[in-house]
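Dumping the structure here so I can ask a few things about it.
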Amino acid sequence: MLRPSLRKPNQMRPVSLETAINKWAEGSCLIKMGGTQVLCTASVDFNQPVWKRMQNKSGGWVTAEYSMLPRANSTRKSHDAMTHDNRAVEISRLIGRALRSVVDMEKLGRHTINIDCDVLQGDGGTRCAAITGGFIAMALAVKWMLANDRITENPIMDNVAAISAGLWRGDLVLDLDYAEDCEAEMDSNFVVSGSGKFIEVQSTGEQHPFDQEQLIQLMDMARTACAQLISLQNQVLE
Amino acid sequence: MLRPSLRKPNQMRPVSLETAINKWAEGSCLIKMGGTQVLCTASVDFNQPVWKRMQNKSGGWVTAEYSMLPRANSTRKSHDAMTHDNRAVEISRLIGRALRSVVDMEKLGRHTINIDCDVLQGDGGTRCAAITGGFIAMALAVKWMLANDRITENPIMDNVAAISAGLWRGDLVLDLDYAEDCEAEMDSNFVVSGSGKFIEVQSTGEQHPFDQEQLIQLMDMARTACAQLISLQNQVLE
Amino acid sequence: MLRPSLRKPNQMRPVSLETAINKWAEGSCLIKMGGTQVLCTASVDFNQPVWKRMQNKSGGWVTAEYSMLPRANSTRKSHDAMTHDNRAVEISRLIGRALRSVVDMEKLGRHTINIDCDVLQGDGGTRCAAITGGFIAMALAVKWMLANDRITENPIMDNVAAISAGLWRGDLVLDLDYAEDCEAEMDSNFVVSGSGKFIEVQSTGEQHPFDQEQLIQLMDMARTACAQLISLQNQVLE
Amino acid sequence: MLRPSLRKPNQMRPVSLETAINKWAEGSCLIKMGGTQVLCTASVDFNQPVWKRMQNKSGGWVTAEYSMLPRANSTRKSHDAMTHDNRAVEISRLIGRALRSVVDMEKLGRHTINIDCDVLQGDGGTRCAAITGGFIAMALAVKWMLANDRITENPIMDNVAAISAGLWRGDLVLDLDYAEDCEAEMDSNFVVSGSGKFIEVQSTGEQHPFDQEQLIQLMDMARTACAQLISLQNQVLE
Amino acid sequence: MLRPSLRKPNQMRPVSLETAINKWAEGSCLIKMGGTQVLCTASVDFNQPVWKRMQNKSGGWVTAEYSMLPRANSTRKSHDAMTHDNRAVEISRLIGRALRSVVDMEKLGRHTINIDCDVLQGDGGTRCAAITGGFIAMALAVKWMLANDRITENPIMDNVAAISAGLWRGDLVLDLDYAEDCEAEMDSNFVVSGSGKFIEVQSTGEQHPFDQEQLIQLMDMARTACAQLISLQNQVLE
Amino acid sequence: MLRPSLRKPNQMRPVSLETAINKWAEGSCLIKMGGTQVLCTASVDFNQPVWKRMQNKSGGWVTAEYSMLPRANSTRKSHDAMTHDNRAVEISRLIGRALRSVVDMEKLGRHTINIDCDVLQGDGGTRCAAITGGFIAMALAVKWMLANDRITENPIMDNVAAISAGLWRGDLVLDLDYAEDCEAEMDSNFVVSGSGKFIEVQSTGEQHPFDQEQLIQLMDMARTACAQLISLQNQVLE
């Protein structure tokens, strides 16, 4: 079965990572994966989050907010309609967990890094692009904190990247675009660390249940792809 | 390492399934898994959901709403504080997907089944208990629909049950209770069909990334446990 | 005129009071009055409410939150639809006033007791059941506070219980169930203290105005019924 | 004990009823009871309320909305702070019930009368003033409907007025002003029909429980006072 | 072209300014301009606004809240429907800016004056009436503060008043009433100081663009009218 | 006085207009004016807005929604904090009025064009950039409608562009950037048509009142600048 983009089953879309695209943010990255474009900014807040302060906890925090521009998709959705967007909240929580998993909160000190991931144009895989690009924005903000003596030691312990994969017309394919996503029988998102381990696996087979062997093959694909993404991250961050 | 409940690593907590515990609902089930108690009701609405009507789609729908009583946990949370409870929304979406995956929407006709899962007492694994108990409530509501000639054919294609498993103090353990859950290094939820396939896998290693082999072992554990739960479901539904 | 339940005009439904039904709450009681089931928990907060702190007031506070499970009634109502449920707020205020009227706030110290009354199944008279059961939960929480040396003197000055009564098909009847309530010409709720005095009287004759004599007879009925409920409370609290 | 206003225990404050004070409303009345000023308007909507239409019910409806201007009281409260004002909602419901109790909904036809009661200045007894003044606004709107051939028969079956009374420094007193209300041991509101019967009785003894005899005496006082208010209503409506 | 009210193009409606119409407010004024009636109260808060405190700023603040009673207009709008009333917020901001422009915030000390402008009856030009009347309420509150030794120096530097003007059926006219406003081709609001300078100009030609010359003529008209209004303000404030 | 950007008083910042930057929208334009970047999309809805349908009105409608990305400014603001952003709503209304003023709603037919203006980076003058760029997005969407036979005649009657100008350190300057805007004594926004007439004038002198002569000079400056912007619009639209 030929993919709409003529890609091979395990082929990612072209990736572009552009940094320092926002004059105000301490770190920023515009990530493009094919037609998907996510603008990621990292904002450093010189305070712990309120809940840490109230519970007298030490260390910092990283949090993420994912959102779509009204016309990021084929159908327009007003900002108002997105006020309590459950899907966006769920994705924001995933991005936050993923980025926190590679940060040493003690070394971050009493700071909060807010990662905003705004989808300028969506074409499948936006949450994964947000994690991969959000990591770069966060890493740049950490560089800024080091350079400005806000912290003395790098709190980032490892890279993190993410990719989608799934079952489409009977084939296991990597990095589904919107056209494939709409028809996918099973859909997974993998968050992978620089060490090649998994930080999060989310597999959903609403149309078809899936078996263990299929998930194992998708995990293999994803690990390879994330290694490539992490290598790109490191090039950009040099 | 001894588990707080002295259970073996792959041992579930005692399960109790009590049906017909609500005089108004078309189907109902109070599920207890150890200290976790979830009251599940299925309410039949003789209409499609609004979005199906507006898009002129055929068939029915199943939706779920998960909620906690204010003192279901060690810390009280008022109903108001739970108004936009992102965790609850995320779990509601998971339960809905899980239950829909075993229903033939065309055979359900232009009806909506609303599954309410209210946690009377929480002690770990509430979302999994809600899926397992919610399936029973849904199955009873479908029986009611058949008995009352609202539909002519059973739309339920298979059973569905769910169980948690994770990495606790270095061991892979099944069905974590609250005390274990608080310390778990990695935490997974598995939704499994009667055919022994996976409907949803969610694994999160916020403290530690995990490797493929660990996930495979947890999947094995979960499949065995869900087979037992499904056997209990079928006993209750006879 | 025969009542649907075949009860005599001044006959209450069977009452069941089950305590310690929640492992987390400092006090709890599941009250059943016929088909009405209300789960009451008392949660002790080691702080004054915010408004007392801000106004530099001494002593503690008791507050109540009444809510219905989505399928507590013949028609389902989602949690969302109940977010600003004016009826529930009005009832919560009534329960709070009733319970506060028998508590010495100075002796309670700088604590707040939150009484949550969640209707698992509704069949008329839920607010009265919530007051009668909420008192037990509160009394158990106070015992817990005394046993744990949070306070040194019992702040509870008297019992409080409540019962409904009204005019149904021309007869004055006690403890209306849902079927009677729907048709009642006049409907009252009486909150009565252990000393046999009234704490609150609410009588509404939306269909028919009523005269003073009718209200006096209902007050007599209610006082007798509440004396019985209070005697049951005391048995359970021994 | 001398009342702050030097009134006798059973003496109402001076009442002023000014009609036609709004150029847009179909009926309007500015009622003053001492320092309490409530602007009541009745707006005729040529539709049933939505819930009646959806349930295919016949006849009309009367509904009320009570609100305070931000500086109606000694302490300012912004409109925003009043958005979900539980007290206002409870009072709105009371006013609506009171006014509906004297209207034949079939004769009202498929119309809705919205009574808005905005407190320009509050000094105790605002809900009672709103009922007494709201009745006049409603009666004027009905006159307008008759004059404009929207309806052919008067749907108003009787007058309705309301007054507060309570226990203040050990005395039973009528029509408490703000200074008395703050100290009252027990507080009641009585809604009375033109026929001298009771439509609603609400008595609360948060500080002190009260006995039956006290309530009976207050009911007597209230009935006399409401007869005077109703006589004033009829003068104004001639 | 004859105006509906038979006024000359540059003729204002009759103005009435009634002060001290609220027993609680530190300053109050009921302004009537023809059929437009706005009740303005000034409430003195012995605190800075939260944002000034948090930013450690010196001096006080003046803020305004504009609102309409539900039946202030020909069509009723419930309080609920006005909860997030964008037009009201925009007008509130305008009133606040206008009043702040004539106040020395340092001389005001760490106080906040809240100006509430509630439209009892609307007939065009309500925002301008609110500014003109709000100034009087504010000035009276400042007098109260001086008399009560809350401040030692008058922080009010100049008067401020406002008037509307526009293009109606081809003519430039002053102080449009509701009937004219509905048909106006171009509509302006002018806020003018006692020194005859402009504090705010807002001109909108949604139906027709307008040219510079027209705006200049309207500015001339407005300046003359505001001088009259300011003279009336000063008479009332003596 | 030298401007921070070394521009002459009547010199605009460099303008860049990039079209077709969104694969889903019927029209789109990324406008940059110095550091200000606004992404404008036009979405065609094949329906009238609800209010037109309910009032049985003919013709179409144009509406606008202005929003900022969380880190568009020096201080981050979460999407949640912007849910009821009064400033954004006020600006959205201004953009909508401006764009509607040059559209013949009858020729637009029963369609709605939604213009979304999302500020990627703010540096003063965002609302004006949104109008100038939003016009291009709208014009492209209209071209799309003509090309796809949704309409037969061009409903756009004229161009519209906007520019800010104000009083900064005593000088009248054009197109203020953020650094100037913070210090401006008086600030104006001018919306100008292709015919050189004014569609909207908004001048605010919160710090200083201003006189007529100053406003006239700013209007002259703005008209010249808008003529240039409109010439750029037409180049891009060829």
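Labels A, B, C, D, E and F are assigned to the chains in the order they are written; within every chain, residues are numbered from 1.
We adopt the following convention: contacts are C-beta pairs under 8 Å (C-beta built on N, C-alpha and C of every residue); 3 or more make two chains touch, one makes a residue touch a chain.
Just so you know, these numbers come straight off a predicted model, no measurement behind them.
Path length between chain A and chain E in the touching-chain graph (shortest route): 2. For C-D, the equivalent interface within A-F, D-E or E-F is the one where over half of the contact pairs agree by residue number, namely E-F. The pairing of chain E with chain F is characterised as same-residue: of all residue numbers used at this interface, over half are used by both copies. Between the Cα centres of chain B and chain F there is a gap of 50 Å. One finds 33 Å separating the Cα centroids of chain B and chain C. If you average the Cα atoms of chain C and of chain F, the two centres end up 59 Å apart. In chain C, no residue touches at least two other chains. Taken as a contact graph, the chains are arranged in a single closed ring, with each chain touching exactly two others. Within the complex, the chain F residues that touch chain A are 22-25, 28, 35, 39, 41, 43, 45, 65, 67, 69-74, 76, 78-79, 83, 114, 116, 118, 120-121, 123. Of all the residues in chain C, the ones that touch chain D in their complex are 84, 86, 89-90, 93, 97, 100-101, 193, 195, 197-207, 209-212, 215-216, 219.
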